[in-house]
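Okay, got some structures for you below.
Two complexes, one shared chain (subunit A), two partners (subunit B, subunit C).
Presenting the complex of A and B:
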């Protein structure tokens, strides 16, 4: 009988010893790893978590909410302790966050906002709105407050797409001399933006400026403009701070972009997760991360 | 009798199933416009005009160049994460030129009255806290309400009759990043202009 108690005692001691010594695991779930920008975000989050002494694993949702949902099911059952999350869908991803929340797992959103004020533990997001306000001011100055322009938006239904366009129009719409001739979705995709720009130039030969919701689309639009021999006529503006665009700004081919900081967002999310493990329970629902204007004057700093 | 009761029930159900609201209220909600009047007033009066961190512009330039990190901690503020900070400034100077809403002063700095769209005044005032806002959209709406009041109402009224050569006193906010060093002049987004 005493051997049974001894065995049980050792077993329970072993269990508690494992729980107390096992370090929490962090999952990094990224909307897509097909886009280099998100690769930087995801890999930085893993590196930061590891740097802080925690095991971290990267998951690719392939821009598919169903895949994302499977990841959440798996990582909840596999015992992950925190999720650094870049959602695929502002509304669709809320259910996944709530599942994790129910299981006691904190979720820190990075870069993409979900439409809920109390699902995620905190959302660390680029200040897309203010960044595009700055782009809007630069746009007005470069076009001297008058002329025809078009806009290539990101994805329909995406919060970043809305925030960027809204910030830009907060400024530009105040200048009655600037006329919006067309607005189409380019889905944040370079090739699609190139096609969209080609068709908009055919329909409106007098375009003088184009605002693109990200740099991939700015590069696609620039390619179309260059092929049409209109690079002197049409001024291109992007958003993201991609190396290729910063280089083109230095060369005078693209006018401006907004520099985002995926590594800062990843570092903040990983640090918050660790602070959560150490007992912090209160986090601001939204943390804006500043976006810097990159133009001919400031490009040397980037 | 039964028919009468039936009609009455239908009327009650019909009335209970709809909700009447002023069209103007509905339009305002749909466009995300909220009434920030009192909050804007508090930011301008308590957060800016009566804020003890309000610094003479030449003194601020001196302190920024002397020790940016300490000056950021002592006089600067910023909501969220970023390398730049926002400062409250005041000063007196003569107007050298006015072009496209930009009032160039004889001390080298300038008042940008046209492009008051950013976070300068909001953040420098220290009156706004991220915890008070459930969404970025609400925070952005307040920022635009504040900027719109300054850009379209208060500053244009105060600029009336002001000409090149006039001596003015001003209060406002500016942004300074490490890449701006050494600072020689400031672009100030005005909150008050007097002459």
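Presenting the complex of A and C:
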């Protein structure tokens, strides 16, 4: 009896997958679902695709181009018709996109860029670099161009980590009065950033500012600063635009962050995919989605 | 000969002492009371995981699920505090106090740990595989429960567990100190302790001499889960926020502390005291490398080398014995 059911199950599964090929299916492949920000990006992409009337499925590449490659192979063979894609690596992900392109499946990159202009159908990107240039300007303004500061970077080997840090430093490094006393990794993780901040405050009692590569780390650093009773002395800067941080900016606890728009990126990518199904062939290669500075003055708009 | 064996017994203590001397020479910030409390507060979580897992490793087992159980129990603790528990079918909503949520989290950790022990004894699954499966299950459950988003702002009462001071000592340090005491008593003074060493030393002999192997294993894995949950409550309280990916890779730091402390991965040999020194050594190393602003890439290399060195010295000593 068991075997009969098993065969029946296979048969049914075979049937249902055939039926659904009539309507295009959309895959959403996200670099990692370990980070709340990317969960929002991935889930909004799925929701947008469903809102437009298409079946959508979410895949987690676990920050690993090899896992991503497996996903792409499975997607191509199981008959998905478009991929909304958040790549794990600017170079490593190109080969995966090309595989899909060969199979005639359009790929729309979201948030993170790949270093190729003819692989993806279109790339809808958050401008991390320019966003952090703006943070750098705000940082200089708030510290009046002089003082000691530390930086908490994201993850070693991650593009956005360096895009953000470079954007910030193009401005801040021009001011000789601003001294970088420590630069450590916080792995985009709240707890790690808190512990690193605790130790950096011990090493440098005189710091006046900290720039964190994302908002989770800004919240961890703030927690450490608050416990040490230094919230008056040290100004915290983040990046992402997390709700908790916007709230803390309104309360005057964190100075500034860069607001990114994952939902806008997800919506644009889903809309493009649907337009592709309806026959549109040409898309702009790069669609920059701006990053807005959130500080005490502008926080009420977010 | 006596002094020689004493030297061998306390080699990790000597290593820790040397490390602290070096750090206090190269950084004038290391040996300040503020920084030392910092280090102790930071290691309190790893201590919880490590002393729990020491019992498991003494029985020649391993528990890879402690980091994931930490994440899940922390999330559940935060979720219960913030949202309570709703039963829509009964039109019932249960709110949780700080104590209630903490106990519920510990109950979850204990149950998952017990499940580990049960799977291992009932189906003879190797502990490595059973707890590896639990690692992914618990991590997945924590993402499901939190929907991948942090649960934050848990109230000042709850925040006090991680932030408050009692008689001049941070509360997390008190908590880990009390737990250490309990575990030292278990290993040194109780028949459970003797059973654990006996099972790790020679399981067949232990079976023949009538030691209730199954029950002892259930208990050590359940205790390891409970300690992971306590660690989860501590992390969550320190951040005033539960992160769905909290505790990622913590099992590795914990195993490192145990190994540095001289506990043998093949069971039967080692002590809670050794693990404490191992955990402090890793904490001091992490802290010192940041104080000196060493590049994060080098930090990983240095940590790996220290662990390797500790194990090599241990092995050489065993051979010379």
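We adopt the following convention: the second predicted complex is superposed on the first by the 281 of 302 C-alpha atoms of A that agree within 3 Å, B and C clash if a C-alpha of one lies under 4 Å from a C-alpha of the other, contacts with A are read in each partner's own complex, and residues count from 1 in each chain.
One rule holds for everything that comes next: a contact is a pair of C-beta atoms (placed from the backbone, for glycine too) under 8 Å apart; a residue touches a chain by one contact, two chains touch by 3 or more.
Predicted model, so just to flag it, every value in this text is computed and none were measured.
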item: First (subunit B), second (subunit C), both or neither touched by A:171; value: first
item: First, second, both or neither for A:264, with subunit B first and subunit C second; value: first
item: A:236 touches, of subunit B and subunit C: first, second, both or neither?; value: neither
item: Touching partner for A:246 - first (subunit B), second (subunit C), both, neither; value: neither
item: Touching partner for A:152 - first (subunit B), second (subunit C), both, neither; value: neither
item: Which of subunit B and subunit C A:195 touches, first, second, both or neither; value: second
item: Which superposed partner A:136 touches (first subunit B, second subunit C, both, neither); value: first
item: Contacts of A:217 with subunit B and subunit C, given as first, second, both or neither; value: neither
item: Contact residues of subunit A, present in both the subunit B and the subunit C interface; value: none
item: Complex contacts: residues of subunit A adjacent to subunit C; value: 33-36, 39-40, 153, 156, 181-185, 189-191, 194-196, 198-200, 202-203, 205, 216, 219-220, 223, 227, 244
item: Footprint of subunit A on subunit B - complex, ascending; value: 78-84, 115, 117-119, 130-131, 133-137, 139-140, 143-144, 177, 179
item: Subunit B-facing residues of subunit A, complex; value: 113, 117, 124-125, 127, 129-130, 133-134, 136-137, 140, 163, 166-167, 170-171, 264, 268, 284-290, 292, 298, 301
item: Complex contacts: residues of subunit C adjacent to subunit A; value: 27, 29, 32, 34-35, 38, 41-42, 143, 147-150, 152-153, 163, 235, 238-241, 243-246, 248, 286-287, 290-293, 296-297
